[in-house]
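Here's the structure we're looking at; comments come further down.
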Amino acid sequence: MRHAHGVDPAIKESNLKRLRRIEGQVRGLHKMVEEDRYCPDILMQVASVQEALKSVSRELVRNHLSHCARRALKGSDVEAQSAIDELVAVWSKHAG
Amino acid sequence: MRHAHGVDPAIKESNLKRLRRIEGQVRGLHKMVEEDRYCPDILMQVASVQEALKSVSRELVRNHLSHCARRALKGSDVEAQSAIDELVAVWSKHAG
Amino acid sequence: MRHAHGVDPAIKESNLKRLRRIEGQVRGLHKMVEEDRYCPDILMQVASVQEALKSVSRELVRNHLSHCARRALKGSDVEAQSAIDELVAVWSKHAG
Amino acid sequence: MRHAHGVDPAIKESNLKRLRRIEGQVRGLHKMVEEDRYCPDILMQVASVQEALKSVSRELVRNHLSHCARRALKGSDVEAQSAIDELVAVWSKHAG
């Protein structure tokens, strides 16, 4: 299990809050589906959960670049190359 | 509060299961952030929650088209136009 | 080769204009890469081409729902089902 | 006008080829709209242009990280911070 080399406490705090709120929103989605709510209303709510997850990702990227990635890119070519490959993989997964 | 005119029981069942699993994944993300796990590992997990939400949306769209939207598009021009505007709004929110 | 059952002339006109502009933007991207322009500047320009393509898609969806899809959803169950499957496939390709 | 500090010739070559092909695809889209082709067929083609643009972006990100970003992240805290802000802005524009 790998850990971050550094975590900005403000980013951590706001991401924990966001994820708590997202958990509640997902529970709300479950209830909407259970109650046969109107699909476009559920779909709008799904989109807003996805927006919230995007904010979490953005802050994780910021934290990663400021700590682990910066450290690796300062390191040897091998270390830097592996950090770059990893960042490109993360980019592909999120931006396509 | 608006309700669906018809809900395919198989779609409802699988969406409820998916949302239960997503709720667990979001709780897992909270734990990962709390434990200062390596950001790219968290980011990969966020991407898989996003994928799971996309499956939920796809099935909601299928259900909506099969029931409410079909009913509205068969109706008067005013009803049809309002259903189309709503579908385009949902499309924009999800596909940009 | 399949054709649309109906095309809103205003949508067609604005999509043709958008696509002409997008073609120019793509040529601009080619020039930027050729001149070794700063990658984030090129990436911002790629994002704006993506935005412009999303506007084209949104209008194509609106046109399709208003004409072909409406016609098919009014038709037999078999016709309607095939139109729904097609719309869900298009949704998946664009929204995931 | 800003330029890249370094460009991988293989990335440049393949991006120039991709962009030439994309330009042709956009011209093809213009023709499809002009001929009132079936909207879902056009929409599938738009999605494939967007996929192609995503490949271009991915390679631009890889090049940027390998050259300019690496250089900046090795630099002073001010330089590094500005490179990180820029990368997060590019991320937001592409991944939301």
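For clarity, chains are labelled A, B, C and D in written order, and residue numbers in each chain start from 1.
In this text, a residue touches a chain if its C-beta (ideal position, glycine included) is under 8 Å from a C-beta of that chain, and two chains touch if they have at least 3 such contacts.
The structure presented is a predicted model; accordingly, all values stated were derived computationally and were not measured.
> Could you name all chains that are in contact with chain A and with chain B at the same time?
Under the touch definition, chain A and chain B have no mutual neighbours whatsoever.
> What's the call on chain C versus chain D, same or different interface residues, using the half cut on shared numbers?
same
> Measure off the straight-line distance from the CA centroid of chain A to the CA centroid of chain D, and report it in whole Å.
Here the centre of chain D sits 22 Å away from the centre of chain A.
> With centres defined as the mean C-alpha position, give me the chain B-chain D separation in Å.
Computed from C-alpha means, the inter-chain centre distance equals 28 Å.
> Among the residues of chain B, which are close enough to touch at least two other chains?
Residues 50, 57, 61, 87, 94 of chain B touch two or more partner chains.
> Is the chain-to-chain touch network here best called a line, a ring, a star, complete, or other?
ring
> Which of the residues in chain A end up touching chain D in this complex?
50-51, 54, 57-58, 61-62, 65-66, 69-70, 73-74, 80, 84, 87-88, 91-92, 94-96
> So in the complex, the part of chain A that touches chain B is made up of which residues?
Chain A reaches chain B through residues 1-4, 7, 12, 15-16, 19-20, 22-23, 26-27, 29-30, 33-44, 46-47, 49-50, 53, 56-57, 60-61, 63-64, 68, 86-87, 89-90, 93-94.
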